[in-house]
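Here chain A shows up in two complexes: once beside chain B, once beside chain C.
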Partner chain A sequence: MYELTEKILKESVKYFQNFFIHEYYKKSFLHFVDVRIKFLTALIFVMLAVTTFNFEKVLFLLFSILAIAKAAGIDIKNLIRRSYLFPAFSFIVLIPTNLSYAAIFSLRVFTAIIILQLLVITTPFNEICAALRYFKFPRSLVESMWISYRYILSLFFDLLTTLIARESRRVSKIGYLDVWKKGGKAVGTFFLKSIEKSEKVELAILARGKAVWKKDWKIKSNDLVFLAIVAFVVFWWWLI
Partner chain B sequence: MHIPDGFLDLYIATTMFLLSFIVVGISILKVKAIPQKFGIIAAAIFVAQMLDWPIPGGTSAHFMGGSLAGILLGPYAGCLAMTTVLLIQTLVFADGGLTAIGANVWNMAVVNVFLGYWIYKGFERFNRKLAAFLAGWLGVTAAAIFCGIEIGLSKYFVYGLTITVPIMAIWHAVLGIVEGTITASVASVVKPVEVVQSKTSIALIATLIALTPLFAYAAELVGYREPLDFVADKLELEGEMIYKGIIPEYTIPGLDPYFSALISAIIGTFVVFSIVKLCMNLQKKYSKSL
Partner chain C sequence: MVDLIVEMQNVSFIYPDGTVGVKNVTLNVLEKDKIALIGPSGSGKTTLIFLMAALIKPTSGNLKVFGIDVNNNKNFSKNIEKIRRKIGVVFQNPDDFLFNPTVRDELLYVPLQLNWKDDLVKSRFERVVKDFGVENILDKPPFRLSMGEKKKIAIASVMIYEPEFLLLDEPTANVDGKIRRFVLDLLKRDKTIVVATHDVELVKKFAEKVIVLEKGEVVSIGGLELVEDLELLERIGII
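For the complex of A and B:
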């Protein structure tokens, strides 16, 4: 159990670092662009990245996105650090086939991940949920996403508390088999607690009234500037 | 197992999106009354995925939770809980691609959840722990096989089915033992909910799962050649088109063929929905006037 708790504590540190990085990231021009436009732009850019194997097109798109990010004040190093791992893995896997194919394939994946990371870094999750509702995503699914997001941290602390309480009652060193058995029971207890919590939260939400997705959907000058930049990039991608 | 953008061509991505759309749609209809509850369970599954379980030799593994979600919540709510987890992973952590979201939901929120649940139900009467172990183990292995099929059929990925499917299946069959053990451990402590299911929905979802490889293969065929064109070529026939259509051969001049096929699909879907909506409105109006 000791090893399990220690691993969880280590993971939790990494997890919180990842989790809050976009919440407390300094505000940039992209933060003030309408989330609906950002969402659709991300989708269009991802499509442009994945539908071509033309090296020039992909490179142009990648540099355009990095230029937009840099101009908006996003830390490029951080953006690349968050995106390089999977493309690097893809590149290694594909090297035996053909070097140029491996390079262009991985570059496409890298560009697509950078686009998604840029959306994630510059958009609070409640705004993404509001945009999904605007695009007529089912209410129950969006509500479920929003509630899950809000309670992830709380449930994480519940899990830690459960594990620390169990660990504090342990008096001797235990083997792998016991770690697995007691770990299973700990996770089982955690799920029981989460079911209890869900009932309480559901009652509280019903008492207060359900979440309402209201947002002032007005296109501002920031949005128009961003749209012009996007149109420019799409046009040149098409011309190349 | 989260497929990022760039691995799947748009034919496979769109097919998987449509298949997932059907099953998630059915699930939403079945559990629309309890979104708050499964929202928190989804968060619990998300958090439980953070647990690293020690394996002798200094390494560790974490579990996916699809089968467990199916066992604890029932297949429909389990499917929605896993869909929620996957959407958050994509939109908050950029884990999994936007264009691949349909395939990821299909593998981890449909195949893993429904298959896991059915395996559990099939073996529950013999031994609950064994049933949960088999559900976790085979559920995750099946999800990996489907993932291998999708990537293997994709024209963008150079390795074919003969490489992608065995690699995904073998590795996940080994890792699936961990998944099965965790699922069995948790299922022995928590009592699953009782779910009443409609036989039609079960049959539909089971058929869709069974036919997925065929759908994916058929989607690729659309990308290559129409069967009738193929036959016409074989017979050395030549024809002249009477009407070329608004978007001939699903292509828009100047656009990439995949991109224009997608746009054609969106336009087509919009037109079909509009016609259906119009017919429904007319029918409503007509029945009122009667």
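For the complex of A and C:
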């Protein structure tokens, strides 16, 4: 049983860590689209996904986004792997209410998360912050998001390495009670460490400055192509 | 007959964000081998250490540790604790490795799992505390120690259960001369040892086999002549 608990914990940490990571190794067409356009598009698509209960509209939107991602060379399997958990949970929670409602609700959540994941995969987080600043989001809000993002990533990384370190010295099958006892101690130490870490992250940010989002904004031809595709999808969604 | 400790065939490991950890690595670690993994930062040394310690599973390829197929989930889960007690792995960054509230808890973490008699636990604990000279910091939280002390505690917490197979990741990075000499003595013990390091001088003093990594791939396997090949070391960025 404890193996299952630890495995669930490890897999969850891995999932949440990946949830926020930008894929830098593969530069697709979408990586080069202006971040302001990608941000606005994501916002519009999410609005389209969550403002309707029409199955066809949501499905059309989902497949359009997957088609755009596929055409841009994004790994669809990976995109789905990064997005399935929340909709799966919402579906399970909503099953007792009404099956068709649970299905449409989860599909909407899934579509919205796919959209956000596509933005995260193809855009470094500091560029998203730059776009937020461009759209006059308050500086303090954007700075808090930026600090939280860096802290969350390092926190999940630390949590994962702590779990691996525990595993490296787990030399016998231990009882369930022991798992909670030892695990509790480890979690307590982890939180103490995380406080120290947050202070160090803050110092690192102070040492190297906070303003990472200055940008020369220029609209290029691929931005216009992307805008045309988005306009086409929105138009068809409206027609359905 | 010499036992095979680690058997790797075309092993690759890709991180979730697509970073290549190691690519198509084929190598064996035999009993009593003293191996140095050398390569520049980001060449895959830590990933290879984690794979050899069966802490991560290959994305592709075959990996056996102490004869247990790491990819065979059922058999692996059944035997993992048995092989774990034969393996001692020390991470590069001790902050990642030390997770107990005090140094004392850290040192006793494994012995208390092993159902040893109290006398044995006590004698091993006292010996390690004396050998590593950590009497004064036993009740301190590990994350409040200096880097050198943390390194010592990380190594001590592994040496206390005398594993057969020792994997050390950059053991001499950020340590003073005294701890460096201590590590060197440790590496001369009669065990199977794999050390990932940039420290060419350390390699010359303990290694019998050298594996050179570059961008996740093994570029050379040989003896100490590899660390005398200045052209190779310069090309891959170690010196």
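Observations
One rule holds in what follows: the second predicted complex is superposed on the first by the 146 of 240 C-alpha atoms of A that agree within 3 Å, B and C clash if a C-alpha of one lies under 4 Å from a C-alpha of the other, contacts with A are read in each partner's own complex, and residues count from 1 in each chain.
The definition used in the following text is that contacts are C-beta pairs under 8 Å (C-beta built on N, C-alpha and C of every residue); 3 or more make two chains touch, one makes a residue touch a chain.
Keep in mind it's a predicted model, so treat the numbers as computed, not measured.
Of the two partner chains placed around the shared chain by superposition, chain B and chain C are both touched by A:Thr189. Ranked by how many residues of chain A each touches, chain B and chain C are led by B.
Using the contact criterion defined above for the overlaid structures, shared-chain residue A:Ile128 touches chain B, although it does not reach chain C. Of the two partner chains, chain C is the only one touched by A:Glu167; chain B is not. Residues 3, 18, 22, 185, 188-190, 192 of chain A lie in contact with chain B in one complex and with chain C in the other. For chain B in complex with chain A, the residues that touch the partner chain are 4-7, 10, 24-25, 28, 31-32, 34-44, 46-48, 50-54, 56, 60, 72, 80-81, 83-85, 87-88, 90-94, 97-99, 156-159, 181-182, 184-190, 254-256, 258-259, 262.
Residues 3-4, 7-8, 11-12, 15, 18-19, 22, 42-43, 46-53, 82-83, 86, 90, 94, 97-98, 101, 105, 108-109, 111-113, 115-117, 119-120, 125, 128, 138-141, 143-149, 151-152, 155-156, 159, 176, 179-181, 183-185, 187-192, 194-195, 197-199, 201-202, 205, 238 of chain A are the ones that touch chain B when the two sit in their complex. Those residues of chain C that touch chain A in the shared complex are 16-19, 50, 53, 55-56, 77, 81, 84-85, 87, 89, 91, 93, 95-101, 105, 109-110, 113-115, 141, 143, 157-158, 161. Residues 3, 14, 17-18, 21-26, 158, 161-162, 164-174, 185-186, 188-190, 192-193, 196 of chain A are the ones touching chain C in the complex.
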